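A, B, C and D label the chains in the order they appear, each numbered from 1.
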Amino acid sequence: MEYVIEMQGITKIFPGIIANDNIDLKVRKGEIHALLGENGAGKSTLMSVLFGLYKPEKGKIIINGEEVSIKNPNDANRYGIGMVHQHFKLVHNFTVLENVILGVESVKYGHLLMDEARKKVIELSQKYSLFIEPDALISDISVGMQQRVEILKMLYRENDLLIFDEPTAVLTPQEIDELMKIMKDLVAEGKTIIFITHKLNEIKAVADRVTILRKGKYVDTVDVSLSSKETLSELMVGRKVLLEVEKTAAQPKEIVLEVKHLVVKSKTHGKNKVNDVSFKLHRGEILCIAGIEGNGQTDLVYALTGLEKVSSGEIIYKGEDITHRSIRYRNLKGMAHIPEDRHKHGLVLDYNVAENLILQDYYTNKFQTKGFLKFKKIYENADELIERYDIRSGSGARSIARSMSGGNQQKAIVARELETHPDVLIAVQPTRGLDVGAIEYIHKILIEQRDKGKAILLVSLELSEVMSVSDRILVIYEGELVGQADPAVVSQQELGLYMSGSKREVLE
Amino acid sequence: SSDEPEVVEEEKGYEIGLVTDIGTIDDKSFNQGAWEGVVAYAEANGLTYQYYQPAAASTADYIEAITLAIEGGAKVVVTPGFMFAGAIYEAQTMYPEVNFILLDADPHTDDYSAFKIESNVYSIYYAEEQSGFLAGYAAVKDGMTNLGFMGGMAVPAVVRFGHGFVQGAELAAVELDVDVTIKYEYLNDFAPNDNHKVKALGWYSEGVEAIFVAAGGAGLSVMAAAEEADKKVIGVDVDQSNLSETVITSAMKGLTSSVELALTDLYAGNFKGGVIDTLDVTVGGVGLPADFSRFTTFTQADYDAIFAKLVSGEVVVVKDAASVNDLAVTKTTVTLIGAE
Amino acid sequence: MKKFILNENVQKILASLTAILIGFIFGFLILLFAASIKTQATNPIEGFITIITGGMRYNGIKGFGIILRYTTPVLLTGLSVGFAFKTGLFNIGAAGQFVMGGFTAAYIAIRWTFIPLEYLWIVALLGSIVVGGIWGMISGVLKAYRNVNEVISSIMLNYIGMITVSNLVFTIKDRFNPSRSQVPLSRIPTFGFDKIFGINTVDFGIFIAIAVAILIYVILEKTSFGYELKACGFNREAARYAGINDKKGIILSMTIAGALSGLGGALVYVSSITKVFDQSLVLQREGFDGISVALLGLSNPLGIIFSSFFISMLRNAGSSLSRAGFNDEVIRIMTSTIIYASAFSLLFRDKIHKFFSKKEVK
Amino acid sequence: MDTLLFLLKNMFPYMIPLTVVALGGMFSERSGIVNIALEGIMVFGASIGIFFMYFFPDLLPPQMMLIAALIVALISGAIFSLLHAYASVNLKANQVISGTALNLFATSFHVFVARIVTPNGVEGVKFNNVYRIPTVPFFSDIPILGPILFTNTYITTFIGFGILFISSYVLFKTRFGLRLRACGEHPQAADSVGINVNRMRYIGVLISGALAGMGGLILIVPSTVEYTGVVSGYGFLALAVLIFGQWRPSKIILAAAFFGLMQTISNSSGLNFFMSLGIPKYFYQIVPYVATLIVLTFTSKKSAAPKAAGEPYDPGKR
């Protein structure tokens, strides 16, 4: 059998952890090869080795039968390897066009020939139906469009092996479908794709074969068509996983949070980011705000948690108007928040795990007396949470947050927020980037909390999550609530209609 | 622990020490003038010499530097500048066997509560007001009526230069019956830079014909301005005519020669210990350089005449006015920019 | 032993010592070089001894006192810069805060005669803290509310402070006799140090400075307040998310940094020595020395206690170097070499680590 | 009117060196390296340039000589800045460290050498200042611009403008500029498309060294005939101008002009017009700094600082 890429016995060691332990990976020409594994299993590390970002301690890389050494991304490019990183590598204040051509510019005596490049890029984007605006700044475009830019970058370089590291975690269902189609087109064109994802549906939908890693070690490579989702997840986690969420019907109690005619004005353009939103959240229910990214969810959450100023309207929490209260006040009153952007808000990346785990209650008597931190308590707390939430990292409580894999960072945040024992938990994309095992766990916790009489406001782009976890769904479109649904009866299609603005109903 | 260093001192060391005030040894001003006197005398007589820079501008640091010089073998220490008054006040009794030459000051406590001069200290003052007077007189006599004065900082010696300058201009103005204006400002800086140049250019652009600049190295920037504006400069302390063609004359004070002379006296056994001298025109301590070629009408003869009047006391220059605005002038308008 | 050396803090210290060693070697080479071309009598060996004894070769125990005196203000400006670093800010404005604080203290100690003399110096110190704090706070407020880069605002405030003091000097001088400086009526007690080290050396100020350093250490590392400030420094958004008032954090950080520098000024101008203000428009060196001190001390308050002492040792050595026929620029070249060599710290630590962990494996 | 002309003319000696040095800083920061060593590099470049003039006073006709000295300053500034590049790029050190070290080193280096080479062992090194161009035929007669730009001028003024235009062209219209900016914004992104981040950063720092070295000499030459190894904080002011100018050439020149104008006003308190206003000198003295702060207060809301400036490049970091 002919392999485009063979990685043999790759070992990569980080201080305190063997991220890749003698891993093999064989990819056939023209296939979509999925890479599956829990958070921290070593997928990103393996791909970074292939892309020349890390130098492995051991192992070799064989391309088209020849052993090669890939010391940097430049080498990788030379061998036709391109990579879409989960955290996009795009220069935020450059235009789309500039980002696409960066590194392979057309020039005459060093002078940039932008018109020529623009023509080429537009041609490419039409050929693969990757719609872009060449002159828009990256910071102004949606995540979906950013991803298209990343794909265009690879195509513009005429790469043949394309690596996608968790490309779908940030996309809307529509965008995911679109991406799946693009991937299939690319393979049809003769490209080869390595595809990292935690979503078994996606693997089933597009991948030909899948390689599974567990805790840094190679487990197996199997044909997707021959394996069920259950076997895959079992291979990955090493035990049986519940893919369907088990839950009883909700028993909503009194209203704990009520939003009345909430408006958040935009600073840049005339349209309101959140426009006249009203809803009620009861104890003992999981209310989900569904919608396509960029429709005001972020600002709605910021307004509820106090990160952004409200222009008009009211937020009534436990009978009290907290519209203009501080973030701290809301926290103290029992509001917790799993933020959308874990690097921006969720963590102080330069603090260690223990320090991050007290970010919400360092000032309480649990962790300080008379202004002095109780370090013994802080580390005890960390050890306990690490144990309970299975947060994996190089040096336990003392690992710097920056060094943890994305999934484990997320677990740390979830652990911290739940430990404040909130009355209302606002969870934005709580399982983004998590493996199925971790997702299972978090979903279980959310339902547990609900059953204890807490109220949960879930904001998710993930339709399957929305459908399986929530008790009630509100759909947000262009800053307004346009539909209300019961997950037990509504179909994904119908939700999709609300989300895309094709259908709307008048609420209450 | 004190034995060892002493051995070293016996073997060598520097016999004449100078401790610099703020600023460096080549400040174009009192440090440099005094230092050149030390060098001249020491070189001529085969003596060792060294200068010491205090770590900071405080009485404690000055005393420390003086101590260092003495432990380094100095038998005589020269301290230029009025800032040393407090340090010498203490050092004179701490080191009775060492001689001190204190310039621009006499020893007193920092708070001016006690004045005392011991027999191992010779204090030298200069009559800068007479020197400035001569410069101002010459400039107006030479036909200039629009003048400027830039002082480095309002320290006593500089203030005296400026006040003398105004009075000299006034006398000439009265004699010629012309009206004279003088822009008058302290730079609060002794280093050359663009700010001073721009300031001077501004003055020149509004008609100032010559600026008397008593501000060490900052004078270089004023000279650069004068070259650009095609105007004149009056130098200070030493004959500065070699620095620029624009320097018509310089209000000199005999720093170098007086230090040299004091050292000569000392080694000849005639040290003027306990004496506070003011070197003025009568002893040739201050004056203008002998070259008058850069003036248009002012001549050596004019100079000699006015110089004689100063010597004889026919003309008296006030040196301790509280402010330049307190000087009694009628034909001269002084515009003080900022505070004095 | 191995465990000891593999400890991160120990490695940091070893790396700093290596940097100092390199600086000394370089300094010695410069002395040799200078000696080989200078005409006047020089003695490089003696010069070198002067340097490594911090000049105490000449002034012995008194020298030690003098070094402590130099240490006092730069310990505080170093703390000021280091504290700001720790909270994610670059306080390049120590010079301005120092001069404003110092002047305030001098003014109070000269003019506020209505306060009993035995308390006057304390009030003067408090005054310097307030005014230095305000000077730092301006940068903080501009940063927090108007997003003005603190580097540029503190550069501007350095000049404004310098000019302001130059103009205010007349308020503590006899206007009609510009030479007549006035000296503090009440000073920081010498605490008997003058008996040990001689007059004009160190006073109680050094204890104040060390106590403040320990206080800052405790605040930064042990308190929830320090936790908040550092969080603001590392990730302002995350701090906000956690309910910390990030604006307040930034303002407080700069205010504390300013107060530290301001107090540094007071410890000079109300000390047992007489240093008087003049009108000269020159930025005070203690402000910029603070940057060196903070860097050498790795911004750690305890490290800064040592680095400030070390820098002051060199300063004392510098002024004594004339005895060996050299000038103090040799010291400054050396200091810059040491600071530069501390940029190798990561590399040294790596080497030390590798060297010892290899041994451990065997 | 005369006063206005005077102010406009005399802002150039401030504006030109500040522009040149700030542009230098811009290249460095745009590549991701904060350069607080600008002050030291100015001192160093000016020092070597002046030593060159000192040792070879009559090597070339005046204007050629000045250009030669500027080139010497440029090269020495670039070489000196290598130290900063090495520490910041190869050693991944805190960029303030080497910056501070260089600042400290430069002045002492000048003094050290000056004491050795000058006859009396002093710090001040004299040079023959013959570089002023009193008038430029024809150009000097142009109304307004003539007196402002072409009388009593220095070629450095025109060199400064030349550098401005070249800088903005290079930064925005060339491959090099695009890549340099990418390194300062998102080095991981630049690296992933095969740009050698370290090399770009070296080049950025080298350009800053070259321009700062030359800027030092541009600052010193018109203002004195003797150099003592200080540039009076102009390196830090250039840093301020860089920030004020939002890291863009077009705004840097405006910021430098604004600061230069304010500085000129500050030193014009003795002019009749300003005297007639009756404002105390103190206010003139602080005007450049206070005005800058005020303007910044209203223009800083959006910071344009290169995102990655100041952080050592670490390929593994997200």
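Throughout what follows, a contact is a pair of C-beta atoms (placed from the backbone, for glycine too) under 8 Å apart; a residue touches a chain by one contact, two chains touch by 3 or more.
If you're wondering where the values come from, they're calculated on a predicted model, not measured in any experiment.
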### Message
With contacts counted as defined, which of the two, B-C or A-C, has more C-beta pairs across the interface?
### Response
B-C
### chain B and chain D: spacing of chain centres that average the CA atoms, whole Å
36
### Message
Roughly how far is chain A from chain C, centre to centre by C-alpha average, rounded to an integer in Å?
### Response
46
### Message
I'd like to verify one number: the distance from the centre of chain A to the centre of chain D, where each centre is the average of its C-alpha atoms, in whole angstrom.
### Response
45
### Summary
Residues in chain D with touches to at least two other chains are numbered 282
### Message
Show the residues in chain B shared as contacts by 2 or more other chains, in ascending order.
### Response
339
### Query
Which chain A residues touch at least two other chains?
none
### Message
Taking the top-of-page definition of touch, could you list the pairs of chains it picks out?
### Response
A-C, A-D, B-C, B-D, C-D
### Message
Could you list, by residue number, the parts of chain D that touch chain B in their complex?
### Response
2, 6, 10, 13-14, 120, 122-124, 129, 132, 152, 219, 222-226, 228, 230, 232, 263-264, 266-272, 275, 280-282
#### Entry: Residue numbers on chain C that touch chain D, as the complex places them
30, 34, 37-38, 40, 90, 92, 142, 146-149, 151-153, 155-157, 159-160, 163-164, 167, 283, 288, 291-292, 295, 327, 329-330, 332-333, 335-337, 339-340, 342-347
### For the chain A and chain D complex, residues of the former touching the latter
48, 51, 53-54, 72-74, 77, 83, 85, 87, 89-94, 98-99, 102-105, 107, 110-112, 153, 343, 402
## Note on the structure
Within the complex, chain C is touched by chain D residues 36, 83, 87, 91-94, 96-98, 100-105, 107-109, 111-112, 115-116, 121, 233, 236-237, 239-240, 243-244, 282, 285-286, 288-290, 292-293, 296-298, 300-303, 305
### Message
For a test of understanding, state which residues of chain D touch chain A in their complex under the given definition.
### Response
173-176, 178-179, 181-182, 185-186, 188-196, 307, 315-318
